[in-house]
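What follows is a group of structures, each given as C-alpha cells.
You will see two complexes here that share subunit A, one where it goes with subunit B and one where it goes with subunit C.
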Partner chain A sequence: MKLALIVLASLWAAPLAQAASQPDPAADLQGFQGYFLKRFPKVPLAAYVNGPYNFSKSERDQWKQIIEFPPYAFAVADGKTLFDTKFANGKTYASCFPNGGIGIAQTYPMFDAKTGRVVPLGVAINRCRVANGAAKLSLTTGKLADIEAYMTSTSDGKPIDVVVPHDPRALAAYQAGKEYFYSRRGQLNFSCASCHVQAAGMHLRGDVLAPALGLTASFPLYRSSWGDVGTLVRRFIGCNKKVKAEPEAADSTAYRDLAYFMTYMNNGLPIAGPGARP
Partner chain B sequence: MKGFRCGLVLVGLLVPVAASAAVASKASAASAIAAAQAEMKLAASMQDQWIATVAAMKDARLALKQGDFAAAETAAVHAKALASLSVEQAKAQRALWVNEAVH
Partner chain C sequence: MKAIAAIFVVCLMPCAALAATPAEIAAGQKIAETTTLGNCDACHMFQGADEAGNIGPVLKDVRAMVPDRKLFYAIIYDEEARNPQTIMPAFGKNQILTPKQINEVIDFMYTK
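Entry: the complex of A and B
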C-alpha cells in the first residue's frame, strides 16, 4: 500500500517537474500578456505598441507633434530606393524573401532550421546581401535600418506572428532569450525586467519606462536623442550600457535569442513600425 | 626612544609601497594582465562583462606600454576582481532569474 502510494506520487511528480523545465512559449505568452492587462486594466492590448505614450501625457503630446511630420519618412523613402536597387548580379532584395519581402516583417525573428539559429530581419537583409555578393551592413543604424524601416512599413498594422517551431534548437534559443531578459547583469545589477516589467510605466530621470509588452513593435524607430532611425539591436546596446554592462556584439546569438523571446511575447499585437520616440 | 618609534611607523608606512614597487616587474604585470584576461573571458562567456572591468584592463595595458609596471599590476588586479564579481553575479542569476519571470 505504502509502496503503491510512493510509486503513484512519483509518477505524478515526474511530469510536473518536467513541465516546469520544458520551455512552453504558448503558456508564457498567455501569462506575459495577462500580467500586463491585469496590471494596467485601462490600457488595451493593441495600445502597448505605443510604449511609453500610454503612461505620460506630456510624451503623448510630444509624440503627436512628432508624427505630424514623421521623422522616419525619409528613412522609409531611402529604404525603398535601396530595396529596389539591383545588386551587381542584377538581382534585388525581393529575390531573397517570401512575397518579395513585402508585408512579411511581422514574421521576424524567424528560426532557420538549416543553421539552427534565430534570424532577425536585419540579419536576413545582410544574408541577402552576402548571397548576392554585397558586403554586410551595420546592424544598428544607417542603410540597413532604412531598408528595415521600409520593409516594416509594408507590414504596418499586421499582427506580429513569430513562430517557435517544435524543434529543440528553436526552443533552446527561445529559452536562452527568456533567461537573458530576466537575468540581472552589469554593475548596477538590473535585468531588462527590472525596468521594463517591475518598473514599467514609472519614471526614470526624464523617461517613462515602456512596458516589456509591445516593446519591439515599433522598431526600427526614430529617436530624437539619436537623430536618426535605429534598430532594436541599437536599443539593446544602449540598455546594456545603462546598467554598466558591456553590450554583446550586434550579430551575437545572445541578441538574436533575446529579440526572438521579446518579439514572441508581442505575438498578436499590431506592427507599429517604423516608430518615433521623443 | 620617541624618535625610534616614529621611525618605525614611517618604515611601516613605506614598506608596502616600496614592496609593491620593488615586486612589480614587466613579467609580474604581464602575468596579472593574463590572469585578469582569463577571468574576463569567463565573464564574457556568461554574457556579463562590466564596463568598469574593461576600463580597468585598458588602464593596465596602457600602463604596461608606458613601462609603469606597478600601475599596470594594480589595474590588472582590479580588473580581475571586477570580472570575478560579475562571474559570481552571472552564476547566481542562473538560478535566480526565474524569480523575475512573469508567468
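Entry: the complex of A and C
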C-alpha cells in the first residue's frame, strides 16, 4: 500500500514521494500545486476554483448563462434565515463560531485539539446544533447545505487557509486523508487521483474531469444533475459509488480526513462558493 | 447446454481466428456502449460512439493497433498487468465482463 503510493506519487506528483517518512504538508502542497501549474501552464492558480470550466468552452459558456441567475441564490437566502433563527434556548449559530460565523469558512476543515479529530464546516454546524439542544441535520444536502452555502458566501474570495498544526494527531489525520486520496478502491479500482490527477482536464464521456487542485473551493455547490445544492461529502459519496466502492458514512473519520487533505492542498486559492456545475 | 459451453471453452483461442458472426459483433457493440458493462466509450472514441471520452487512445483501425487477439484479450482482461498505473479497469480480473463478453467486444472492435 505504501509502495503503491510511492510509485503513484513518483509518476505524476514527484514531490509527494516523501510520503513514506514523516508527513510534510507544506512540501506536499508545493509539489501538488506545482504539478498542475506545470502541466497546464495556461491556467493561473486562482482559476482552478472553476474546475471543469478551464477545460471546456461549451461548459464555460453554459456556466456563464447559469450564473446570470445563480441557482444557489435561494440556498444562500434560506441559509441566512436559518443561520439567524434562534434555537429554543435563545442562542444562534453565531454564538458557536469565531467572528459570529461570518467570513470564516476558509479556515475549515479545522483540527480540534480537544477531540483530536478533524471538523469540517458541516460537522461544526451540527455540533453547534447539538450544543444548543437541536438535532443533527443531514451532512449532504438540505438545510445544512443551505447554512453552509450562506456561511461560505460570506467568505467569497478569501484565500483558503487550512492549518495542520504540529500535533501528531493532526499530522496523522492529514496523512490518512492523503492515503485515501491516492488509494485505489471499488470494482473499477480507481483512486480519486486516477480521475482528478491522472485524467484531469480530460473527458470521461460527457464530463470534464476537474483537477484535484481547486476541487473543494466551490462547495457547497449547485449541480444541475442533482437539482439542488450539495456538500463536499455528497460528492465523495457520489464518486465512491461511481467506481462501485462502498461509500463511507457522511460523518466518518475517513471523509473528514479526506476533506482535510484535499482542502489543505487548495490553500491560497480563493473561496468560490457556493458554486454551480452542469 | 453443458456440451456447448465445453466446446466454447475448448475452442476459445483456436476459434478466435474464425470470422465473427453478426450476432457476436452486435453483442460486442452493446457491451462496449453499456455504462455498466464495457463502457469503452466513456474513455475511448470509436466510430459511432455517442458522447465519447478522450482518456484513452482513439480506437480506430483496431486490427492494425492490436493485431494480436491474445494481447487484445489481455488488455481488456487486466491492463494493469501491462501498465500498473493505467486507469483502464481490469474488466476480466475484476469480473466486470465474462470471457465470452470480452471476446464479443473484441469482435466488435475489430470492425472499427
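Keep this in mind: the second predicted complex is superposed on the first by the 258 of 278 C-alpha atoms of A that agree within 3 Å, B and C clash if a C-alpha of one lies under 4 Å from a C-alpha of the other, contacts with A are read in each partner's own complex, and residues count from 1 in each chain.
Following the convention adopted for this analysis, a contact is a pair of C-beta atoms (placed from the backbone, for glycine too) under 8 Å apart; a residue touches a chain by one contact, two chains touch by 3 or more.
What you see is a predicted model; the values in this text were computed from it and never measured.
A.B. asks: After aligning the two structures on subunit A, examine subunit B and subunit C and state clash or fit.
C.D. replies: Fit.
A.B. asks: In the overlaid three-chain picture, which partner chain does A:Thr85 touch, first (subunit B) or second (subunit C), both, or neither?
C.D. replies: In the superposed model, A:Thr85 contacts neither subunit B nor subunit C.
A.B. asks: See if subunit A has more residues touched by subunit B or by subunit C, and give me that chain.
C.D. replies: B
A.B. asks: Touch check for A:Ala254: first (subunit B), second (subunit C), both, or neither?
C.D. replies: A:Ala254: touches subunit B, not subunit C.
A.B. asks: Tell me the contact category for A:Gly206 with respect to subunit B and subunit C: first, second, both or neither.
C.D. replies: A:Gly206 contacts subunit C only, not subunit B.
A.B. asks: Per the contact definition in the header, classify A:Asn99: touching subunit B only (first), subunit C only (second), both, or neither.
C.D. replies: Neither subunit B nor subunit C is touched by A:Asn99.
A.B. asks: When the two structures are overlaid on chain A, which partner does A:Gln65 contact: first (subunit B), second (subunit C), both, or neither?
C.D. replies: After superposing on A, A:Gln65 lies clear of both subunit B and subunit C.
A.B. asks: With the two structures laid over each other on chain A, which partner does A:Ser194 touch: subunit B (first), subunit C (second), both, or neither?
C.D. replies: A:Ser194: touches subunit B and subunit C.
A.B. asks: Give, as a whole number of angstrom, the minimum Cα separation of subunit B and subunit C in the superposed three-chain arrangement.
C.D. replies: 8
A.B. asks: Find the residues of subunit A that appear in the contact set with subunit B and again in the contact set with subunit C.
C.D. replies: Of subunit A, residues 187, 189, 194, 198 contact subunit B in one complex and subunit C in the other.
A.B. asks: If we count contacts the way the header does, which residues on subunit C are in touch with subunit A in the complex?
C.D. replies: The contact residues of subunit C facing subunit A are 41-43, 51-55, 80, 84-85, 87, 89-90, 94-96.
A.B. asks: Which residues of subunit A touch subunit B in their complex?
C.D. replies: These residues of subunit A touch subunit B: 27-28, 31-32, 35, 178-180, 182-187, 189, 191, 193-194, 197-198, 212, 241, 244-246, 248, 254.
A.B. asks: Touching residues of subunit A toward subunit C in the complex: what are they?
C.D. replies: Checking each residue of subunit A against subunit C gives 7-8, 11, 187-190, 194-195, 198-199, 202-206.
A.B. asks: Provide the residue numbers of subunit B that touch subunit A in the complex, in ascending order.
C.D. replies: Those residues of subunit B that touch subunit A are 44, 47-54, 82, 86, 89-90, 93-94, 96-98, 100-103.
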